[in-house]
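Below are two complexes that have subunit A in common, paired first with subunit B and then with subunit C.
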Partner chain A sequence: MMPVVKGISLEIPRRGIVGLVGESGCGKSMTAKSINHILPSFAKVTGGNMLWHEDSGEVCDFTLLNEKEIRGRCGTDVAMIFQEPMTSLNPMMCIGDQIKEVLQIHKLEKNADRAKERVIEMLDAVGIAEPELRYKAWPHELSGGMRQRVMIAMAMIGSPKLLIADEPTTALDVTTEAQILKLIRKMCDEYKMSAMVITHNMGVVSTLCDYVYVMYLGNIMEQAPTKELFKNPMHPYTKGLLSSIPRIGNNPEYLETIPGSIPVMKKQFKGCEFCLRCSDDIQKCFFEKAELKKVGPDHYVRCHVAGGEEE
Partner chain B sequence: MSGFIRRCVGVVLVLFGVMVMIFVVLRIIPGNPAAVLLNEHVNSATIERLTASMNLDKPLPEQFFMYLAGVLRGDLGQSYYMRQSVLSLVLEAFPYTLKLTILSAVFAWVLGIGIGVISALHHDRLPDYLFRGVSLLGVSVPVFMVALFLQYLFYFRFSLLPLVYDGSFESMILPAIALGWNSAGSVARLTRSSLMEQFGQPYLDTARAKGLTARQAVLTHGLKNSMVPVITMIAMQFSGMLSGAVITESVFGIAGLGKLALTAVQTRDMPLLQGTVLFSALVISLGNIIADLINVCLDPRLRV
Partner chain C sequence: MERQIILSASHVKKSFRAGMKNKVMAVNDVSLEILKGETLALVGESGCGKSTLARLLMRMIKADSGSIFFEDQEITGMSERELRPFRREMQMVFQDPASSLDPRMKIRDIIAEPLLAWHVYDSKEKTDERILELLDMVDLKEDCLDRYPHQFSGGQRQRIGIARAIAVKPKLLVCDESVSALDVCVQAQILNLLKTLKNQMGLTCLFISHDLAVVSFIADRVCVMKDGQICEMAPAEQIYKNPGHEYTRYLLASVPQVIDF
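Right after this comes the complex of A and B.
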């Protein structure tokens, strides 16, 4: 067994929107899927806690729940939307029935007519025109943006307290992306919901999130409030990510990139995972992992170099 | 809808092709049916007279068009041997074959899909290995072997069921199992692989994120998505059973279409054989159209 994500600590405040940023393959989706226990069969959570604070003040550890208990919470406490809205919808079921299924599974609405009405109201709320007609639409009849709206409706109909959005706009074009992000923001405000947004797109983070975690190879490298992170990035990886965003008015011949690509980790590595691609390479980084240290209010970074020498 | 009409035109063309083929093949075989009918020891004048009265002395194209004109009028000709209208013989035999085929198809599908689903859910564990072995046996053992084995087991050993068909439902059970055995095996194998292809599809994750357990997600969402190839195969097998029933019907003495065709071959009864083959082709074509219609109902993406 090879660790994919290790020792990460996330905190999602009530009604807060938290971003989890990183390159492909760094463990973002694995982190998300571990929360509602939909990891692929080859992956397993081997340690740690996932603490869920109920409104009543009780605390529940999601890692200890069995399949039946966690399924009872999926859809009503934790909902999820996925990257590929085409393949994430069942191609052989009309969209209305797929949304209604949430109400049926959790017995949220016993009256069948009323359930259908609620689905239509929800389709309307996520901005689908002519919801009564669209109820019977098949997934392949809708555009990518519409499908993602259907996914959002499906996630919202159980009034969850936490929405996990796993790269919600990656498969969409830029204008649709903006609309979908606005919709997610609106839903979070209206339903007083927290959200965890997984993305590799710094633009998504800046428009949507209050607080950001930067992930690299299964580790949190830096965490800070969004404004602070964009103004004052500390970790060389965060700096690299931010400097590779094209900016209006600044026309370089080439965009900045982070040299190299994510290394394949065959066995446990003692040093800092980023040292092979880091601009400040000092010997210590190869042998010793840095601890997460505080560099400002709510701003933490895992680096030997950034933020001054450790004591 | 235009697709449906195209399919119907296709069926007509297929039936015409079948008619031409069976007609030509039956005439290529050496020997005069009139002689077979009258046995060896008759003088040649009698044979010639019978040949002429059966129109066998006319040129082949003329014979064919006479036959075709008859078919279009709904007249499949007279059986040489049984001295009855072929159509009435076929319609009399068909219900038996249909009953046998439906019963064995139900047996095959229920067993095959059930085993396939269990195998897929427990893939690469004991139940899967066990059922995969059983279904391999199902695919590879020939019908007559299964039939004889069932007769031995359920009649001679345990006397639970009748040896041959006697009109009762119980006597139809063994033939149905014998005929359905092979299909059950291949349906099980296809269901297993088709369902396992669905594993790891993102929509199953969505279903679990909604609150369904992994098993519920597979059984409600995955199973429906995996059924299109299975239904196509089932339809082909249904047709196969209608014609493959020759052996089963002979072993269990059922007076169905297969038995009729066999008799026709043995007695060189050309009109009867042409009639049974043509009728089987019609039933098979209709079966395929029905399978397509079912798939269109199941999978909205096929409705263009």
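Right after this comes the complex of A and C.
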């Protein structure tokens, strides 16, 4: 078994939006999927714990829950939206009934008429015009942006406390993307919800998130409040990511980029995973993993070189 | 000095059938010119007709009406046989590098195929030499030659796709969302590569993308499309600094920008 997520720690504050960024294959989706036990069959959580803090102050470890218990939590405590809204909707059910299922399964609303009303209210809240008519619409009749709105409605109807959005806008056009990002922000504010947004798009992070974790090959390389991360990136990987984005209105002749691509790790590697592509690596990087060290208020970086040599 | 026009289209239209009765105007009365040595970007949301337009210009599909000129010759009504010499001059790099390379061919054969099809070199040695030169141009190592596409990462596959496209020294390279499926770092590498090739070879490029930030990096001129029509065409600088059309402004406002705090 190869570890894909190597002992990461993160916190999602109440009513905060946390971003998890990294290139494909860095383990960001696996992290999210392990929270509500929807990992693919070949993967399993081998250690650590995931603590859920109830409003009452009780703490519950999600890793210890069995299948049935976690199902009870999905939808009411944790809800998730995915990248491709078409494949996550049931093509054989009209959208209203799909959303209503959440209420029925969790027994949140026993009265069928009232349930339908609630679905229509929710469709209205996510910005679907004429929600009464759209209740009976089929997924294939809707555009990508509309489908993603339906997914958000479905996630929100159980009033979850945490929304996990796995690449919510990657498949969408820029104009729709902007609308969906606004919608997620609005929903978090209105329903007093926290969110974890997984993305590879730095633009999405900087417009949506309060706090960012940067992942590389299963490790968190840097974590900081969004503003701080963009103003003062410390890890060479974060710096590389930021400089390789073309920006409107500020274009160099060539983009600075990180050489090479993500290496395929066949064996466990002793040193820092990034050292093969790093420009400021020192000998130590090959033999020893760096620990996360504090470089500013709420700003941590996992690097031997950045932020000064330790001791 | 007036710059030479490589490809021009005037009043091109194309519609597709949608259902029994309806028609969709995918490209509706589009006229444009691509100048030698420039990178013209086509931007717009999905479904706006940018890919259809590129296919029309390359004569992969036939236009309903209008005319398309390559250099000085009209290619609109040409038969497949008449078109053959023009095929060499226009090459394409596709979005998904995994599905546009034959999984059963080695990289050597993939890059050699256009060279052999066009009988570019009369000896095998010269062809091999050219393949190595091409590999070097796209920053791949020699040991890739006997491997298969699945053994490469997305970025490397896209490099192979580019090597294949530029093998016969086309006059026009069409990149249809060529960097959209790549991660940011790899995307930056490929964009740098395209820019280098453009500078080295004087390549003319039609660059199709939905990403305005990417376009701002690579394009000399930008052409904004909406619902099958061009709503604005201007030098890149002007589009970004002083957009004339309302839709361009709306597109620009929607891009989730990395805010410089």
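Definition applied: the second predicted complex is superposed on the first by the 311 of 311 C-alpha atoms of A that agree within 3 Å, B and C clash if a C-alpha of one lies under 4 Å from a C-alpha of the other, contacts with A are read in each partner's own complex, and residues count from 1 in each chain.
The criterion applied here is as follows: contacts are C-beta pairs under 8 Å (C-beta built on N, C-alpha and C of every residue); 3 or more make two chains touch, one makes a residue touch a chain.
Everything numeric in this text was worked out from a predicted model, so none of it was measured.
Going by the contact rule set out at the top, does A:K270 touch subunit B (first), subunit C (second), both, or neither?
The answer is neither, since A:K270 touches no partner chain.
Is A:E177 touching anything from subunit B or subunit C once the two structures are fitted on A? First, second, both or neither.
So A:E177 only meets subunit C here.
Given the touch rule stated above, what does A:K107 touch, subunit B (first), subunit C (second), both, or neither?
Touch status of A:K107: no partner.
Using the superposition on chain A described above, determine whether A:C74 touches subunit B (first), subunit C (second), both, or neither.
A:C74 sits against subunit B, while subunit C stays out of touch.
What is the contact status of A:I248 with respect to subunit B (first) and subunit C (second): first, second, both, or neither?
The answer is second: A:I248 touches subunit C but not subunit B.
First (subunit B), second (subunit C), both or neither: which does A:E23 touch?
Touch partner of A:E23: subunit C, not subunit B.
Provide the residue numbers of subunit C that touch subunit A in the complex, in ascending order.
That would be residues 45-46, 153, 155-156, 183-189, 191-192, 195-196, 210-214, 216-218, 240-241, 250-261 of subunit C.
Quick one: in the complex, what on subunit B touches subunit A?
Of all residues in subunit B, those touching subunit A are 200-203, 205-214, 221, 224-225, 298-301.
For the complex, give me every residue of subunit A touching subunit B.
Listed in rising order, the residues of subunit A that touch subunit B are 33, 36-38, 40, 67-68, 71-76, 78-80, 82-84, 87-94, 101-102, 105-106, 138, 140, 151, 154-155, 158.
Touching subunit C in the complex: which residues of subunit A?
Residue positions touching the partner: 23-24, 144, 173-178, 181, 200-204, 206-208, 227, 230-231, 240-242, 244-249, 251, 253-259, 261-262.
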